[in-house]
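Naming follows writing order (A, B and C), and every chain is counted from residue 1.
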């Protein structure tokens, strides 16, 4: 299957006695948007951390473009082509917007250190709609703009796979529509995306496929329309009380 | 030789355990590392030296005056010096660096005052340095008493921490400051109390040591260092661990001095410390932080 | 961030070139004072180079300084002087590499504690070696190196360190250090290896300190482990860098100048009060000058002319 860009096989991670991710497997096709959904505490963010190398796996393997990336530290995984945003924003607040984007570019393999990076950073800022604020300190941005900046920084890595961890969370309805358009544009430009998301409308309109997790395990996989009507999925969402 | 090393290791280790106990209470509960800790020990040693010389009262009895003094001073150090920076701290890292620098300042300030008062000479006095036979070896009585007192104080501290309401509050803050606040424990009160207790315990260590060791105004740093090594090896805030690791450190020091070379004690202790840091950075008894 | 402007380089060279004329006019007392000042300026700048961006407070300065001095005491008479300096720098770098590999993965607090005790350990090891192997505790240094030559060497070293610091700040490694200082976990996810970057800087900074120790060694004629590895020096270096302010390259140097004058005045009038003063300065820094004197001055400047936009200046470099 040459169309496949990433394969997760039997991933498992336990914290003490709690198995956060239990034998999860899925494939990711080149160019698609995969939604990773499930109730709070179902192991979605842990799965993202396993892929990006932020956490080590207990068992299983992850391949990117035919290369095993599981077991590599986060910095090596990043250089192989996996970029991410963070659920809680992690910008460097005393750096400018431009400088924050350069963070994403400067440590790519083969990148030389030159002034052209500053010019190039504007292209990424343009995609997320931040080109007018390039000179501001990141701390001065509004919440939505800080989210845009996180995204621009991840894009600046020119990743093969982009991981979005609840990037749409906390936006109001207008911002949400704009956010969905940005993700659609990124996908159109050729980036493969895995997104952890709770906003159902976004999942419906963006995702080609969804993997549904509950209590650390994968319980369903398919198009958003199919999985969201799956009785198992409905039970997982409704049957369990939401707890943060 | 073996028996001698064992006895001197135990008496030394008893004091190390005690001194480490005080530091682990301070550091564990307040989360601010007091690098001026050893100055309280040396300060107490000088206080006892002066009062013993002037009034001829037994150094052990002088504890009645010195310990409350050390408690009050340490409590003030936390309330007056450290609380303002705890309040203004923007991140745990900033607080960590600020409190380090501030207690460096404390270290040099107290040391400086002692230097002005007593100079940098080696000081000692003689009290109960009568030989006692223990099995086949001779030990000075003051060393034996010092070990006994260290054990008693250690046990009392343990009981107070484990079985009283206040002790439980202190432990709660040490384990989880945010959670402790939620159940109504005043974290600043707890940290101040822990600082006072730690200071008093350090002073006790100073009194014990002064009866049989020569000391100088500049020696506090060495005790801070050794206590720190014990605290970190044991796992920060771990009371029993600090007592055990303190004893072990004393034994290592005595055996290295007896069998290897007295000039290599620090090097060996340091090697053990480094090994712990590499293999178990959370400490031998500490739990992995999530 | 990225700048090729030669101005700072030219400035540093011009100032160093002018100062090089000083031995022609200065008395021997003034020259000795200037040497002490330059030495601290080198040490504080080197310290700030590593500790500024990483925020790892190192108390190991004297370890590397002492290693440099001891290298001179041991091989000073059997090798040509440049080779002696090279050996000193290499030994300092090697020790820093070992220490760094063991401790830089750990949280900052462990690093402080470890470096805190390191000088004591090294002092003891060297003492043990001298007592048991060479059978004499002190060493004499008889080298034909004048005060003026020491001054010129230190000045050259300081100039090189400053040039290097400017170059570093404009380099990818310098940028990487700012990112690591901001958020180390995040940095990893963007392809940065924080341990490597910190290690590289720690080794570089330690080599400079070892060089300073080597250059200073001929001043002493006699050294023993207690002189060469006296931890007070480490604290002095920390306090100078912090007093000046570490977010600017010239901050530590400014602190070194001020503190050297202060120490000089104190040791002439109140030789006993040295420790107390050191302690009080630490306390003053924490409460009143958290970003050093440079930080305070910049705050003052910003307040007096709040109007001009700083956006364009921000993209430029920070020297």
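Following the convention adopted for this analysis, contacts are C-beta pairs under 8 Å (C-beta built on N, C-alpha and C of every residue); 3 or more make two chains touch, one makes a residue touch a chain.
Computed from a predicted model, the values in this text were never measured in an experiment.
Engineer: So, comparing each chain's Cα centre against the centre of all protein Cα atoms, which one is closest?
Structural biologist: C
Engineer: Need the most distant chain from chain C, centre defined as the mean of C-alpha atoms.
Structural biologist: Ranked by distance of C-alpha centres from chain C, the top chain is A.
Engineer: Let me have the rounded angstrom distance from the C-alpha centre of chain A over to the C-alpha centre of chain C, please.
Structural biologist: Here the centre of chain C sits 43 Å away from the centre of chain A.
Engineer: Roughly how many whole angstrom separate the Cα centroids of chain B and chain C?
Structural biologist: About 32 Å, centre to centre.
Engineer: Rounded to a whole Å, what is the gap between the Cα centroids of chain A and chain B?
Structural biologist: Chain centroid spacing, chain A to chain B, equals 49 Å.
Engineer: In the complex of these two chains, what residues of chain C are touching chain B?
Structural biologist: So the residues of chain C in touch with chain B come to 55, 57, 102-103, 106-110, 112-114, 116-118, 120-121, 124-125, 127-128, 131-132, 231, 235, 238, 242, 272-283, 285-287, 290.
Engineer: For the complex, which residues does chain C have touching chain A?
Structural biologist: Residues in contact with chain A: 1-2, 4, 171-172, 175-176, 178-179, 182-183, 185-194, 311-312, 314-315.
Engineer: Touching chain C in the complex: which residues of chain A?
Structural biologist: 52-54, 73-75, 78-79, 83-84, 86, 90, 92-96, 98-99, 102-104, 106-109, 113-115, 117-118, 134-137, 153, 157
Engineer: So in the complex, the part of chain B that touches chain C is made up of which residues?
Structural biologist: 33, 35, 81, 84-85, 93, 96-98, 100-102, 104-113, 115-116, 221-222, 225, 228-229, 232, 261, 263-267, 270, 273-274, 277-278, 281
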